[in-house]
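Labels for the chains are A, B and C, by order of writing; each one numbers its residues from 1.
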């Protein structure tokens, strides 16, 4: 059974069809890449997967359960974590605090207005462990807005990981990163493969082709190509819409 | 493992100091040219402002019509006293509950929004409540107000304390105020407070982390309304009356200005600072010129433009600038947690 | 059924005036990308300045005041109607300057700033004129009533509707048929492009803001005899303005007018059944509309979506 399955997703905004019969399945532990030119509907597709947009037709299933049309928080509670293309971190919180608030055990106590959250050693320890995974252990107490760009990208990943998701949705994770940053990110994501399912929208084809088990190409709101990276290198769509740094 | 910062304590040194200072106020207030009733007003408005700041400072929600809940609390106190039972605890409870009910109802309509829509909705509801208060003459007394609200004795079973004198009332309100402070401090530093702060910084992010944002916003609005209602009930008792004007937008605007000028956006105590500044300006500057409120309003505008962290925020940055070494030892706390 | 007619006319008149207020509000939202909560205070200022000019002791130097008072009421009214919006437009300039600082920041600051400005203006009004209700004197030619179809009609309401419609028409001509209007529309649509074309965006914003303020003030002068003049009258103007752009969207001129007419009719008809509660209907309508819909009927996605 696929971990994440989108079937015949159809989205229209007014009289504009943005996504047309998109179907996609991600197996447990698979890294599924999504590529395509700007405006093709990739982010809208992500918004459908994470509950931000309701499709006019089609279904989304997580672990077999139909989650179509559920709100973002309900889908997130079912194990879907997301990073955003335009970073949304809690800028006033430290790196550790950003991660803490993403922990499911913290969220379970969200309505607790009595006991202190500050200084709870269990939360802090769990948060630091996640930060260590992304290489931000020393910067745990730095306020998020003071972190350099590359570290903020890593923090976004840490926040998503802290949710202990079954499915991790990455929206253009290499955006704005230099070559070093991309390499670092690729190593980080490679380490996650197998532990959870990953869906990543990316323009950087080298990044994607190096990590993906399978890739779907979305163009004009439709899946125009689909398959193993090796197969897609020769695909005319991929060649024609080559915006990445693939040599 | 590093020691938890003072925010984890139930009662902080700052609270003890403030409590101590406030406890001595009736002894010296007349000597500085003011009067005991001012102390009562400061405490009641501070409780109200702290409750309001749960929304603005902690959750980032602009409620521009908050006077409605203060007013509903005031009326509920009086009406309960006249029609059900003249028991202090029950009346205060009624004030709280009535305001919570109104707040809860309103929160159902507004909690899926924020920003401008939220602000206008709170204004619209406030006007609705205000018009109801003014027009339902038979219930509320309309523009003439609800009069002869008594200062009920604080009956503890074994003994009852008469609250008719301003000083006795002051101490009673002080106890309620300090309890409120402890509770609100706790709340702001609890997981709930942290989630609210996260929602303020990014609702989208919070939602995608699995938080039912709407439910949190409803909860905080209802809670804020309830405490504002409690303050309103105390106010009705202090003034021996309840008038619709506390529910007007003008009055609602005053608490917004107090909170911002004081530094509520970055500091827990900011609202209290703002209340003190406002009420002293009213009495001291107001004795000299009628335009004192205009000056306060201009101060508010200046602060929004040039120093939105307000007075308390300026003090904080001043302290941090003077003692940089100290700052490194206790790491910078998030905005919701600064004391 | 026929006795609903005066209320319908009232509703129409109110709707046209709401349209006037909302258009000014919308222009500012479009070009400055900020909501001006003080728009209602500018409306109120218009009424008060007209009041000052038309009162038995106008705030003019002695010689000028004598000459002024010697003029017939009709002429004085027309002059006041022209001067008040102009005066308010000029008084609004500092507010526009202040709003520049909050541009681009968290929208909360713009809200707080304009909220503060509204409080300051209201307080200034209180200081100068006090808190009592005033009535704006209208020249006999347009006052009073007449009887038609066995019903009593108010002459002033027809005049008010006609003038409001006229000003709306003039505004439309300005926006659609003049080069200035084209620049305003471009500025609302794409500030970058306007800058690239060498147009001083700052000056454009100031001028549009002044135009918006003038429209609000004009509406204040026209509505004053109907609603009365009191310091907090601004709220009852800014709320329908907001409601109108929620209903009609930010980008559409006629969408705003249509929405304003709808709102006016609702308030007018509410007045038929319970005159005391007519303005309340506007607030209830706002709650209903914002609870249910976010986007306008005609316009595109607006900056309100933040």
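Simple rule for what comes next: a residue touches a chain if its C-beta (ideal position, glycine included) is under 8 Å from a C-beta of that chain, and two chains touch if they have at least 3 such contacts.
Since the model is a prediction, treat every value here as computed from it, not as a measurement.
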Inset, instruction - Would you kindly say which chain has the C-alpha centre located farthest from the C-alpha centre of chain B? - result: A
Inset, instruction - Point out which chain occupies the most central position, where each centre is the mean of Cα atoms. - result: B
Inset, instruction - Measure off the straight-line distance from the CA centroid of chain A to the CA centroid of chain B, and report it in whole Å. - result: 41
Inset, instruction - Round to the nearest whole Å and give the separation of the Cα centres of chain A and chain C. - result: 48
Inset, instruction - Please report how many Å separate the Cα centroid of chain B from that of chain C, as a whole number. - result: 34
Legend entry - Touching residues on chain A, where the partner in the complex is chain B: 50, 52, 71-74, 76-77, 81-82, 84, 88-94, 97, 100-102, 104, 106-107, 109-121, 141, 143, 159, 163
Legend entry - Of chain B, residues touching chain C in the complex: 60, 62, 64, 109, 113, 115-117, 119-121, 123-125, 127-128, 131, 135, 248-250, 253, 256-257, 260, 290-291, 293-294, 297-298, 300-301, 304-305, 308
Legend entry - chain B partner contacts - residues on chain C that touch it in the complex: 35, 37, 98, 101-102, 107-109, 111-113, 115-120, 122-124, 127, 232, 235, 239, 242, 246, 276-277, 279-280, 283-284, 286-287, 290-291, 294, 304, 306
Legend entry - Residue numbers on chain B that touch chain A, as the complex places them: 1, 3-5, 7-9, 186-187, 189-195, 197-198, 201-202, 204-213, 216, 219, 331-335, 337
